[in-house]
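There are structures below to look over.
First chain A sits with chain B, and in the next complex the same chain sits with chain C.
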Partner chain A sequence: MSTTINAAPAAPATASSEMSRPSVLRRIMRDRVAGAAATILTVVVVAALFAEWVAPYDPYAINLLNVMAPPGGDHLLGTDSNGRDILSRLIYGTRNTLMLGLVGVIFGGLLGGLLGILAAFYKPLDGWIMRLVDVLLAFPAILIGLAVAAIAGAGMTAVLIALVVATIPDVARVARGAAIGVMEQEFMEAGRALGVSDFTLIWRYLTLNCISTIFVFLTLRFGQIILIGSALSFLGMGAQPPTAELGMMAAQGRDFLFMAPHIATVPSLAIFVIVLCANLLGDAIRDVLDPRLQQ
Partner chain B sequence: MSTKKGVLAGLAIAAAIGFAPATQGQTLNIMRGVDAPHFDAHRTTWSPAGDIINMVQDTLVALDWDGKTPIPYLAQSWEVSPDGRKYTFKLRDDVRFCSGKKMTADDVAFSITRLRSPEIKGPFAWRAGEVKAVTAVDAHTVSYELTEGFSDLPLQLTMFTNVIMNRENVETLGKDYGVQGMDGTGPWCFVNWQPRTEINLRRNEHYKWGPKMFKNPGPVKFDRMSIKIIPEESSRVAAMMSGRFDLTGAFPTAFLTQAKAAPMLTVQRAEPNFQLLYYGYKITRPMVADARVREAMSIAINRAEIGKGVLLGNAEPAYTNVDPLALDYAPKSRDFLKEDVARANRLLDEAGWKMGADGIREKDGMKLAPRVYVSANTNSAKVAEAIQGYLRKVGVDWRLQVWDSTIAPIKMGEQDYEIWSVTVPYLTAGDLMSLYFDSRNIPTPNRMNWKNEQTDEWLRLGKTALVPEARTLNFGLVQEQVSREHLWIPVLNVDMYMVTNKRLKGARPHTLYQNVFYKGLDLSF
Partner chain C sequence: MGRQIIHRLVISFPALVGVLFLCFVMMQVAPADPAQIIAGPDAKQETIDAIRLELGLDRPIIVQFIEYIGRVVQGDLGRSIISNKAVSEELAQTIGPTLELMVGGLAMAIPLGIMLGTFAAVKRGTLIDRAIMAISVAGVSMPIFFIGLLLIQYVGFKWDLLPFTGRNGPFWAGGFTSMILPCLTLGSVLIGPIARLTRTAVLEVLGADFVRTARAKGLRERTVIIGHALRNALIPVVTLIGLQAAYLLGGAVVTETMFSWPGVGRLAVGAIISSDFPTAQGAIMILALAFLLINLLVDVFYVYLDPRMQRG
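== the complex of A and B ==
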């Protein structure tokens, strides 16, 4: 019996191996724009991961005798209104911003994907789950962030919750759509006929066949999540001083736009570059992994 | 010149110098940085509320430009009994509310009684003194009896918390009073309020009882006033520079140099100006219960650098709770605060807070990371971040919680913090000490929860003193005591400014409780 079960889901194995083929990376890198985006993102991620070694100064060390120094000299990107080195804060801030995006995408993706696949597999649950998704869709992330911040206080936790909740409904819809397509495949029928357990059907037959679609969607979603997270921090609901976070850095700099525009523009440009690169890379991954586009 | 030409020329000149209704139909546009949770004068200490209240409602006594002389306003005169326990106010007989109702002694008695009532829990009720009874002797005479003398009463009655309300209006609106509306005898009438967005007022047509400090007794020379809330500092700067607004008392201090250089703007500093930016400790919280810890945080910072770096020189370092120029300042209070980082480290060590591996001190498994509440878009928030940077060097991690200005009073009321901050304006040393350190003012504004019988007694003796020497002595003892206990971190004496568009004439900043606008009677284009 077990031998038969293992042999049945040939289609899932094909789909999942599509993503892991070494040629995928080569195909992405063949696209010059996507290659440049991937390179920039890699540099940003590496710098953020090794911020302790890369940052030239302590991002929290103030120097009130050297506030709002313009870029150049000892401070490549200048100093902020407390005399802190902007480059160092940018590196640490990028780490926090990327972390917000990743956590939002991973947890939102997991929960949303699970809901979507369950909705597709268990028809009686479909209506309930999708109405829940509709309700979640009705609340913008910023509103959710406001509500959480009002209850629990502003902070990274409030933003993370808002980002996860904001990611769930979109992913659930995409996952459900992909899963419904897979449900119509013959191997699903075969699995049921052979008495394969629901868990195995959901995980090995269904999820593995949908995962590339969800993954592509999440790569595209990553940039948006970073943007929403930065916006929430900009509005004061996210990171609290002195934590370096790109959105909050931009918010603090806006008070000095006339005197020291670099304080706000540097983190804003960083957000722009990261989101742009994430979107370009997401597009490239979609192009490579989506069989319809390949045709 | 023909007669017709002469008349026309005369009209033109009259219009130019303001006799003609040159400003008829005009709107005065004012900009603020923060809003208030409501405008019920009896239930607040919030100066952004006081600003609007002063425009719409009046007090028995006005505060002259010198910031220390009470002058007649709704009360045209008053007498004090020899023991200082009874004041008799003679009211003007020509005062009307915006609604048209005549103001009488009944409204005065009602207002002071309401302020003192337990239901209201007025945080500034003490400013009305220890009231025994306020009664209407006749329609225009008020008997104001106190259980004990209060030498500062006329001065305190200038505060917006002692405004005279229309009894019927208060009773009609109930809990919505100060939100849906408020009737007043002030030069401006309340029209509507969109929280965090805009407040609209109109001219009080009846008004003609402006205090003598103004050239124009009323009514004001504008039909309407629009007050917009612009939280972002850069937006406020741009709005003033572009001529969108005529006046603001909330111009960001960081940009005052640019404002002074701008050809279209006039910058005036309010003088005198006693305004302290401080951080207060809630001493009932274990983390800051030890005076050594409180002193360590106070002496580990550099006030001169903060004033220069954060407020760009628009503030002076404060080493005492009371400004040395203020009435009844105690010079000895200066002995308790000497900035010294090495001593701060020693004090924290002695108090048992040992440096942790992450550079933050800890004791009994608890990090020395006090929660600090500040209001967004204020100097307190900016300065807090600088202090945070200094204190990290001695192993203290201030966890800042920045609240929107409309939520801040509520959150501070919950008192779930070790430290909070505001910038407080005051009139005299006795004013500041009585406000914050009287145990009857626990929990607000005595957010330190400082309960000390000796303090209360000195405050009482200071307030009831019939000679200046006794008053100075007792208020001085309080200053020394609270400085020794390090209940506050005094940081900066912050300058207060009014910025106006040059087309606006007659502007002069007042000093009362950050309300630079006050009545605005002399303003015109």
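== the complex of A and C ==
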């Protein structure tokens, strides 16, 4: 088996050499804006990952003697309507929000990528898969979230399902487009002529050559996914109190907007910064890995 | 052109059936049994069974689905559990404000986005260009509710310039001021992407031969930009608006909820929170159908804008 693969032109090599880590990282960091975005995102992710150690207070500890305290003093970002420390809730909330985005992008990317690649590889499946994609595209992400919440009840799971389902059709289209391009390459024909199994053709020849395109697309989508997820949480379809999640924290703060605007503004601003950094970094990654997508 | 439109309609058909089927499935997999809901919590099993028989819930799924389509076509979407009004009646009352909001949002975003994008392209490489592009990247990254919160807090509350809750009737009958903040909020999501794409499209067209010819003929710069470059650059912008329809719709749901705007999105959110299943289902279906319709209109408009499409 291994000899056949070696005999075939080493298809995946182009992708892997281009993606060799140090050079890609260095090229991204050369862009000052992207470098700053990457640094901020790293700090945010590390703080979210080690929330237990980083957060100054218990994010769920209620103190009714100190509600809606303005930023400054003991509580750097103030307290919310239940007297909970906003900074601590922000750190824990960021963890949940990032988790929503990551799960949406990873699972949606896997399923969508698989569908797109299968559609390109098996011609008879193409029509069926693309019709399914069209139907999925007819449901904007927020509607999927509302529908899932209506069926299964509001909660993080509803938002997760919505984000995964919303990611699938777009990724499927991108993956199919990339895979069709690869299918026309000579090494695919060579592989077939050598009797390489479908599984190997799909995985080693096709998928590995599409991965960078799919990856770039997903990094560009990540910010949007976070925005959709937090919008659903803001509508009350996502995380339920007392869980800290940025969109839901903003929604809770909305009720006290005129008395204590910081309760809603701080988490909203945090979402903005995360999404902005993700978008800037995504753009830089695209420019380095797949400049054709710039179109 | 007629053939193109028919072709688009045929292509949209599977998506239409898909939307209806998913809404139907939503009802099937919902934890609540419709017969149980209608019968009430203390009903006897025989009553529930009788209602099941009456509603046809015992028949095969595919028969139920065809019957469901029949009911939808007739406008029968069931009754709201909360208000006991017909869902179609509730939707008829809310669809107008939603359309008004979306059209208003587009009416703010499209001219502003195109203007900013063209301006950035003409001033390419200058500080103005970079500032406009920075604003548009920031706009794309901003949660829509953040923009809404800022507008409510400052323009509505602190400076007391505009109303920020509810809708004071249709815009021609005194409701115009109550429309401005919600439309601005919704439109803000689209300004960034439209500006970015307009800039790219105008830059591309500015390098084309016919623009050079126009300049060589001695036309004024303004005529060249608006009459030649921008007109041709609009084609990708129209496509983009179609692609952004999902954000427009999602944004409308959030905006309506924030500004207590009496539209379909707010109806859907309220229905889900109060477990009013028939209303939620009807509202979600209408929004999905509206989305299909927007995409269809964009496609038709696209053919109209770009005559090359008719031959293709």
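Just so it is clear, the second predicted complex is superposed on the first by the 285 of 295 C-alpha atoms of A that agree within 3 Å, B and C clash if a C-alpha of one lies under 4 Å from a C-alpha of the other, contacts with A are read in each partner's own complex, and residues count from 1 in each chain.
Note that in this section a residue touches a chain if its C-beta (ideal position, glycine included) is under 8 Å from a C-beta of that chain, and two chains touch if they have at least 3 such contacts.
No experiment lies behind these values; they were computed from the predicted model shown.
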Which of chain B and chain C A:154 touches, first, second, both or neither: both
Which superposed partner A:192 touches (first chain B, second chain C, both, neither): neither
First, second, both or neither for A:257, with chain B first and chain C second: both
Which superposed partner A:275 touches (first chain B, second chain C, both, neither): second
Which partner reaches more residues of chain A (counting touched residues only), chain B or chain C: C
Which of chain B and chain C A:30 touches, first, second, both or neither: neither
First, second, both or neither for A:234, with chain B first and chain C second: second
Residues of chain A contacting chain B in one complex and chain C in the other: 150, 153-154, 236, 254, 257-258
Residue numbers on chain A that touch chain B, as the complex places them: 60-62, 64-65, 67, 81-84, 150, 153-154, 236, 240-242, 254-259
Chain C residues within the chain A interface of the complex: 11, 14-16, 18-19, 22-23, 26, 29-31, 137-138, 140-146, 149-150, 152-153, 157, 245-247, 249-250, 253-254, 257-258, 268-269, 271-273, 277, 280-281, 284, 287-288, 291-292
In the complex with chain A, residue positions of chain B that touch it: 232-234, 237-238, 252, 254-255, 258, 302, 305-306, 308-310, 376, 381-382, 384-386, 388-390, 392, 399-402, 404, 407
Chain A residues within the chain C interface of the complex: 131, 134-135, 137-143, 146-147, 149-151, 153-154, 223, 227-228, 230-231, 234-237, 247, 250-251, 254, 257-258, 261, 264-265, 268-269, 271-272, 275-276, 278-280
